[in-house]
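For reference, the structures are reproduced in the following blocks.
Below, chain A partners chain B and then partners chain C, in two separate complexes.
The block that comes next holds the complex of A and B.
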């Protein structure tokens, strides 16, 4: 599992490779918070290479979304597979996040 | 009563780094049983991760020296996971929170038991030589 961060235009794009679970959620949180501290405002997390997410991983997404909004920024999500979509629907987090089918659509939406 | 056999029986230290390896083993068993792709890639991995994380972080309080036992039991009708920690146990119904309500939706925590119960056919918690959480998934 790993997280890679790159900038596309004004948007910080984070790719989550593997699982987002209790064992690695803090690493994702810290990477995003570091970018936020540098003054970045627009964040996109791309799940095209993600296996599964547990409740800790979902919690980190909720927490990051709040912190980014508090700084006047936005967090959006892209490329949820069918299983992840189901997970977001079960927890109703699909109503909390703006989720796009593709990275391109998500980038255009900012 | 249907015949059953133990597919695996492991003891792991109270460290969340061990969770992924156990879950991968469980996924292999799910594929061998020809469970649906969603059961193999969502229901079992997420529910088992939650049960193991609870056992390690809440039951054993991530205490070095304490162990978590995890068993997979297969019968003609069910796939069962039993996760046993050394903690005092907990009230499953009392601790399960509906994370979809307006006031809970933006909370960082509180989705674990909710997800376990949504993703498994049955979740039980009881004491038997430790605190046991039993997850049951009916086979097709």
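The block that comes next holds the complex of A and C.
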């Protein structure tokens, strides 16, 4: 379980490897907030390496999305696997985030 | 010295001259006799420094000579009875006998001292064993142990420092001869501190010379210090827990390798005491936490309504299994008079206390709102109003499905905020999903909307479960999946709800076997 952060153009891209769960969500949150603090505005979280997100993981995504919006920024998601895609649809979370199939499409959409 | 005196008396009998042995110990100003042929053997007025020199004393009536050896010991011969004179041959005869005697007695004395020291050490170990056996707190044990070691090695200043992992500092738990205010915590990475170095290297040191004891250790003073790591030995090696410092020796002698060995042995005992006390306190703390958790679990389970509440109009079976002793899943049942029966299932994000608190809040608030709202959408809007502040401050959210089942009119009205698994199972086995129309409460300000479906009295089933069930993993980390759950329910749809729930959990148990569940499991089935 780890998060890697890199900058692609103007966008801060976060890769979530493994799971996003109660045990590591704070780490993701802190990393993204640190970047926000530095003045970054555009964020993309890529879930292509992610197997599972629990409810507190979803909570962090929502809270990050709010915080980024408050600073005039934007958070987008990409590469949800089928299970995650279903989870987002069933819980109507897909209405809260802009979700792209691929990283490239997500980067283009900013 | 009776044997020595026997020799001296025999000498007098043979030669008619007195003989005596005089010795001077460190703290005496003049020599004292350690053996005399008689009381007539006077103390000489001359004690030569040179070994082997024959000095004349008391106006030539005596001859005095110093014996070979570290200790200043003299053989004094004379005075002789009238008509008798000291023969140099007699001196030559007696001298080696007395010298040999003195050497032997010195050896015996050394052996006795050594034995006495060992005895003291053994005594100390026994005492420490007793202290550890009877004292309860670490502070008591360390203070008593420190007093005992200091007594034994004669240290006037001493301390026991214990490592605190949170701050990575060495902190005094016991001190002797140093005001507590002067012992400041020492960071483990302090470059100057002797204690920090001993802790890092796990090797004891003897510091000689004042210049090395500076900084945080200056209160120990007097340039002599023995610092020994306190080790906790585990099968995988050792782990340092702290440091014992002894300084300012009463005798002004240096600390020896023997002292170091003794203190190292005792430090191991202290290590065991520290570790034991930590284990005891953490196990007490754990016990207390477990008790509180089990109390919270009982409370939480008591909040869940009895399914008899809605009987006989509805047959309901519900089961909640929290992943931890307190969880965030819940269900709620209401009698609504004209509108029929209200059923709610909810899942608070996260587990533990905070989730349980929000769950309790949701349970009580919904009980009020269900009675006063015109339909499910208004009820969930009102519920969000009650929970909003709590959800915002805790960054939690709550997925809720709420339905009103009006069996006489053949209608089920529902509102769903982010709850993924809500279904109607018809008597022909058809499954209808009651989808979420908006995200979970706490994520948006979107007002929930309500939908309705037909309801067939007495045969349709309302099936509600949380993702803990569909996401339950087996040993190969495979999800159980929603379809498997629905299949079992559809297959047993004609059975009493209690039996259907039982079938689902039997299947679930077969899937997860002995894998620990990581989310709460909740299933509610209603027929009305």
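Definition applied: the second predicted complex is superposed on the first by the 110 of 110 C-alpha atoms of A that agree within 3 Å, B and C clash if a C-alpha of one lies under 4 Å from a C-alpha of the other, contacts with A are read in each partner's own complex, and residues count from 1 in each chain.
Rule of thumb we're sticking to: a contact is a pair of C-beta atoms (placed from the backbone, for glycine too) under 8 Å apart; a residue touches a chain by one contact, two chains touch by 3 or more.
Quantities reported herein were computed from a predicted structural model and do not represent experimental measurements.
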{"item": "Partner chain in contact with A:91 - chain B first, chain C second, else both or neither", "value": "both"}
{"item": "Touched partner set for A:8, first chain B, second chain C, both or neither", "value": "neither"}
{"item": "Touched partner set for A:82, first chain B, second chain C, both or neither", "value": "first"}
{"item": "Partner, of chain C and chain B, that touches more residues belonging to chain A", "value": "B"}
{"item": "Touching partner for A:49 - first (chain B), second (chain C), both, neither", "value": "neither"}
{"item": "Partner chain in contact with A:19 - chain B first, chain C second, else both or neither", "value": "first"}
{"item": "Contacts of A:62 with chain B and chain C, given as first, second, both or neither", "value": "both"}
{"item": "Shared chain A surface residues [contacts with chain B and with chain C]", "value": "22, 52, 54-56, 58-60, 62-63, 83, 87, 90-93, 95-96"}
{"item": "For the chain A and chain C complex, residues of the former touching the latter", "value": "22, 52, 54-56, 58-60, 62-63, 83, 87, 90-93, 95-96"}
{"item": "Touching residues on chain A, where the partner in the complex is chain B", "value": "1, 19, 21-23, 51-56, 58-60, 62-63, 66, 82-83, 86-87, 90-93, 95-96"}
{"item": "Of all residues in chain C, those that touch chain A in their complex", "value": "328, 347-351, 395-397, 399, 417-421, 435-440, 443-444, 446, 467, 471, 479, 518-519"}
{"item": "Complex contacts: residues of chain B adjacent to chain A", "value": "16-17, 19-20, 38, 41-42, 45-46, 49-50, 53, 57, 99-100, 105-112, 114-115, 118-119"}
